[in-house]
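Each chain gets a letter, A, B, C and D, in the order it is written, and its residues are counted from 1.
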Amino acid sequence: MRSLEVKNRTSVDDIRSLRLITAIKTPYLPDGRFDLEAYDSLMRMQIFNGAEGVIVGGTTGEGQLMSWDEHIMLIAHTVNCFGTTIKVIGNTGSNSTGEAIHATEQGFAVGMHAALHINPYYGKTSMQGLVSHFESVLSMGPTIIYNVPSRTGQDIPPSVIQTITQNPNMAGVKECMGNERIKGYVDQGIVIWSGNDDECHDSRWTFGATGVISVTSNLVPGLMKELMVQGQNLSLNSKLMPLMKWLFKEPNPIGLNTALAQLGVIRPVFRLPYVPLPLASRLEFVRIVEALGRENFVGDKDVQVLDDDDFTLVGRY
Amino acid sequence: MRSLEVKNRTSVDDIRSLRLITAIKTPYLPDGRFDLEAYDSLMRMQIFNGAEGVIVGGTTGEGQLMSWDEHIMLIAHTVNCFGTTIKVIGNTGSNSTGEAIHATEQGFAVGMHAALHINPYYGKTSMQGLVSHFESVLSMGPTIIYNVPSRTGQDIPPSVIQTITQNPNMAGVKECMGNERIKGYVDQGIVIWSGNDDECHDSRWTFGATGVISVTSNLVPGLMKELMVQGQNLSLNSKLMPLMKWLFKEPNPIGLNTALAQLGVIRPVFRLPYVPLPLASRLEFVRIVEALGRENFVGDKDVQVLDDDDFTLVGRY
Amino acid sequence: MRSLEVKNRTSVDDIRSLRLITAIKTPYLPDGRFDLEAYDSLMRMQIFNGAEGVIVGGTTGEGQLMSWDEHIMLIAHTVNCFGTTIKVIGNTGSNSTGEAIHATEQGFAVGMHAALHINPYYGKTSMQGLVSHFESVLSMGPTIIYNVPSRTGQDIPPSVIQTITQNPNMAGVKECMGNERIKGYVDQGIVIWSGNDDECHDSRWTFGATGVISVTSNLVPGLMKELMVQGQNLSLNSKLMPLMKWLFKEPNPIGLNTALAQLGVIRPVFRLPYVPLPLASRLEFVRIVEALGRENFVGDKDVQVLDDDDFTLVGRY
Amino acid sequence: MRSLEVKNRTSVDDIRSLRLITAIKTPYLPDGRFDLEAYDSLMRMQIFNGAEGVIVGGTTGEGQLMSWDEHIMLIAHTVNCFGTTIKVIGNTGSNSTGEAIHATEQGFAVGMHAALHINPYYGKTSMQGLVSHFESVLSMGPTIIYNVPSRTGQDIPPSVIQTITQNPNMAGVKECMGNERIKGYVDQGIVIWSGNDDECHDSRWTFGATGVISVTSNLVPGLMKELMVQGQNLSLNSKLMPLMKWLFKEPNPIGLNTALAQLGVIRPVFRLPYVPLPLASRLEFVRIVEALGRENFVGDKDVQVLDDDDFTLVGRY
């Protein structure tokens, strides 16, 4: 189902050069549908502050809570509106090879620049199964492989990465297994993005990572860009650490969703199973914003403390 | 789920000015998936020969045989590849109001310029139900209403059109009920496209229609453009009549699918319930091509007579 | 995907012997989901009053407004709850051959006794295409073919019926083309159900039809049973005529939905594009009930006149 | 969407008394569709050998590779064919609360006796989110909670179990976190099934578990029944250990799929990302069968060693 007409096709090398990629949040209307106006606004803030790519429908963007038609629509929408100014990487991975194949074909057909592929979480498989899974989709276009054993229950070991690296579409790895692992890949010439915000400064400047696929940059894109492109900066990294620690108190994107709502840039609507951080954490966020400077955060409203009643939790979506 | 960022938004007046809109064919691979390379090629031929708009996934494009995710993907793909040079009108209509709402929201989110909406075929409804159905989707963007009682089993009467014409997004009507009806609308200032190729010349030049939404233009886009823009031309109209009659011997797109396969511009693959025209008709098509001139048809291979065995019929798609 | 284990399998002859089959209404909750408790109650009334079969998700049951997973679920639910006391005929037809194949496989896998198949409405096809469409599904189990050109835009002619009648799974035809057509089939030994309530008495007693697939029997199942099994009864037929005429003032199931709500056996919830009959017709219904006798109608609450505000119309379902 | 008519409803206490529940394999046809005849045969063997319940579409049954309509269809099919002789527990869990709600409603509507619910794997959530997720579905019917952190990336801690145990529909926990954890629950009166075949003997006879939800019982249902109901039997447990170890050499159901194919009771068809165990392991399986006795395994063909070429791997399903 290949097309040679798709506009703004990106080479694998273009993808390999991205340093700040934001795993963009998907905001919702009170009935649980996407809030595209808020989404567009979040995207504009990313572009304005220097993000070079976005992951659409990643775990941060709650792809796991989308139907595939919503998911592909959001990829196509992002390409249409912003595809000439930022690289659009669709998370078309799945623990079902059948779904991954179908979604990746569709994502490239609507113009995404690259695919993000996860190993089959929850269902898991053998090493040979992992290779077969990735080979089913690698022919379709530039691909980033995502390794996050704390979510998937299974590490993608270097041996698998080395096998699939032979494929010319393999752009690199979003790696969450720490800087030792990252260094090993970099030494072999494999492009790496850190998948852990709190490690990304060292991954980049000490261990050779190319950049980060970041959650924190949803909130402070300018500071994260600075952290990734302007050289080692231990002081900035330290200043960001409290925010990063706060964001991951509970499984992502719980902290992020809470923070964006308090910054007034999204409606305070959660799709279950996500629920807001408790009041104490919401108060703490206000202090973190004040410490880092409101001007470094997205949006221009005063940061506010939301009450429990301000939030809408949607179960049927 | 509105977005103000979508690129190349088109005003209702832009839609109203289109004269040749092609109800574009969807070609298939042997396993029944879309053949996007062939599709792109058909689209380029349309643009090169002057079509100003396309209907994606109309009855001609076999939208009725698509899953909605395929359908929206094809709209998004068309917008991405060709949306700056031709108007992309997505057939996001359905006999289910719920599906029409969802598909139309998605179609506009991925950048389609206008929606084509049919009345609820097969299920049918009352006049008040018709109005409610159309009002559910008209707020979303420029809209063409499609009236084809021979398919839907129910006429959209002028009274319903007059009611919904109040909506500023209402661009006009694709009308198959003949030139009397068309004249009535034109007299009231309602923009009309003929839905019958064999009547469109007269609709345009005698009864005030703006143009045609055409099946025949898949084959001879240049001649259909001439017919619609260069003034009354009874001779050209007569010359085209045998082709038009041939195309509609069986319910569209049976003739069109057969013709495009014989012209070598698509693979000879049909999704059931469509089957090729019989051999006698296939032979007749070759004579029609010779009479009109091969150079007026799309593609550059010799027109050929296909055997029954050359066709692949796909039931599970 | 065949199974030989499915319980209560029914022979084609069993299906052929059914005289009163009700095209059962699907009632809704205020959010547009199915109201299974009301549905179960409607089913019990049918069984109690002698209906021998039901069509699940027909046009009366608004199958055209269901997702396929809802549709198959409702078939499975009906089989589970009532499959030992009434024949469950799933409307697994579609104008997409692919969808018809998939749905029919699923319907038989969950235990439906027979399938109802429509010709491809709206999209239409050639006679050879019709035969290919029906042959794609006939191997799966007992099948009733449904001919209703006023909805589909295309007549299934006797030649097509004669071809597919060769298939041993072909149980018969639900025919809406009148008694002449019916007589022709009966003379050839083809089993026929009338698809028009107002003609069914004569179809049965004068022209040889086996029975009726009825809308009216949703309201007065006992009287319709009497009409179909106790011999010619011109007086009863005349008495029922005003109700039948009233029911079809607007496209079915608009009248039926309105009537059941006024009888208090379903919530007054409509999925668009259906809207209630206007107040004048709602008043008329009360008089019809009084004339025929409340005790002949389903439910035991007083028939009431509902206000416009009593109805909920659901667009997103 | 509640129904009180569903047949063979089961009380929570009935579910709590089950000792051998098999996580039943889903076999495939060469094109990737379900092989219902083979499935029915596997089900009959389970019933004949004393399994008291089955999990339909669990991780063993590859629910993660099914569309929801396939999944619900398989639950409905199992209820229809076998629901009077064995308890049918549908795995209607999901990491999307929206999908879990919809699937669980549908599963109970088609007659499943209980639901199996997993915590949101991969996406994960906070403890409060876990409780909200489970509470969204617990009202619908008898429920088993499944804890398998090695797949989900997140433990369901006792505090969450204690909270949701208040719900009268909570039947118990399928626990994979070991016998210490199990003992703690048993001491509080919470019903437990072991989720680890190699521990289940001790869980049952030393730590108070009620039974096992087993993979191994797909192969040797009679022996597993004996292990669960006839009292402590260290010798049988030791005899089974090599088979259990072999089965979990690679992520389940890779071993199981390979074994059933070699026993000749399913076609050697895998949906990716699963691939067969390598030849050395396939040879080893034959020796295990011989050691345990062919007569203890399902099927009656000779166990055979399959070649790589004997297997069909399906990516598009």
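Basically, a contact is a pair of C-beta atoms (placed from the backbone, for glycine too) under 8 Å apart; a residue touches a chain by one contact, two chains touch by 3 or more.
Keep in mind the model is a prediction, meaning the values are calculated, not measured.
Undergrad: Using the contact definition stated above, find the chains touching both chain C and chain D.
TA: Chains touching both chain C and chain D: none.
Undergrad: In contact with chain A and with chain D at once: which chains are those? Just list them.
TA: For chain A paired with chain D, there are no chains in contact with each.
Undergrad: With centres defined as the mean of C-alpha atoms, identify the chain lying farthest from chain A.
TA: Chain C.
Undergrad: Would you mind working out whether chain A and chain B touch using mostly the same residue numbers, over half shared, or mostly different ones?
TA: same
Undergrad: Let me have the rounded angstrom distance from the C-alpha centre of chain A over to the C-alpha centre of chain C, please.
TA: Measuring from centre to centre gives 50 Å for this pair.
Undergrad: Cα centroid separation between chain A and chain B, in whole Å?
TA: Here chain A and chain B have centroids separated by 39 Å.
Undergrad: What whole-number Å value describes the gap between the mean CA coordinates of chain B and chain C?
TA: 33
Undergrad: For chain D, write out the residues touching at least two other chains, lowest number first.
TA: Within chain D, no residue touches at least two other chains.
Undergrad: Got a list of which chains touch which?
TA: Final set of chain pairs in contact is A-B, A-D, B-C, C-D.
Undergrad: Give every residue of chain B touching chain A within the complex, in rising order.
TA: 1-7, 29, 33-37, 39-40, 43-44, 68-69, 72-73, 76-77, 79-82, 106, 109-111
Undergrad: Can you list the residues on chain C that touch chain B in the complex?
TA: It is residues 32, 59, 62, 64-65, 95-98, 101-102, 118, 120-126, 128-130, 132-133, 136, 149-154, 250-251, 254, 271-275, 277-278, 313-317 of chain C that touch chain B.
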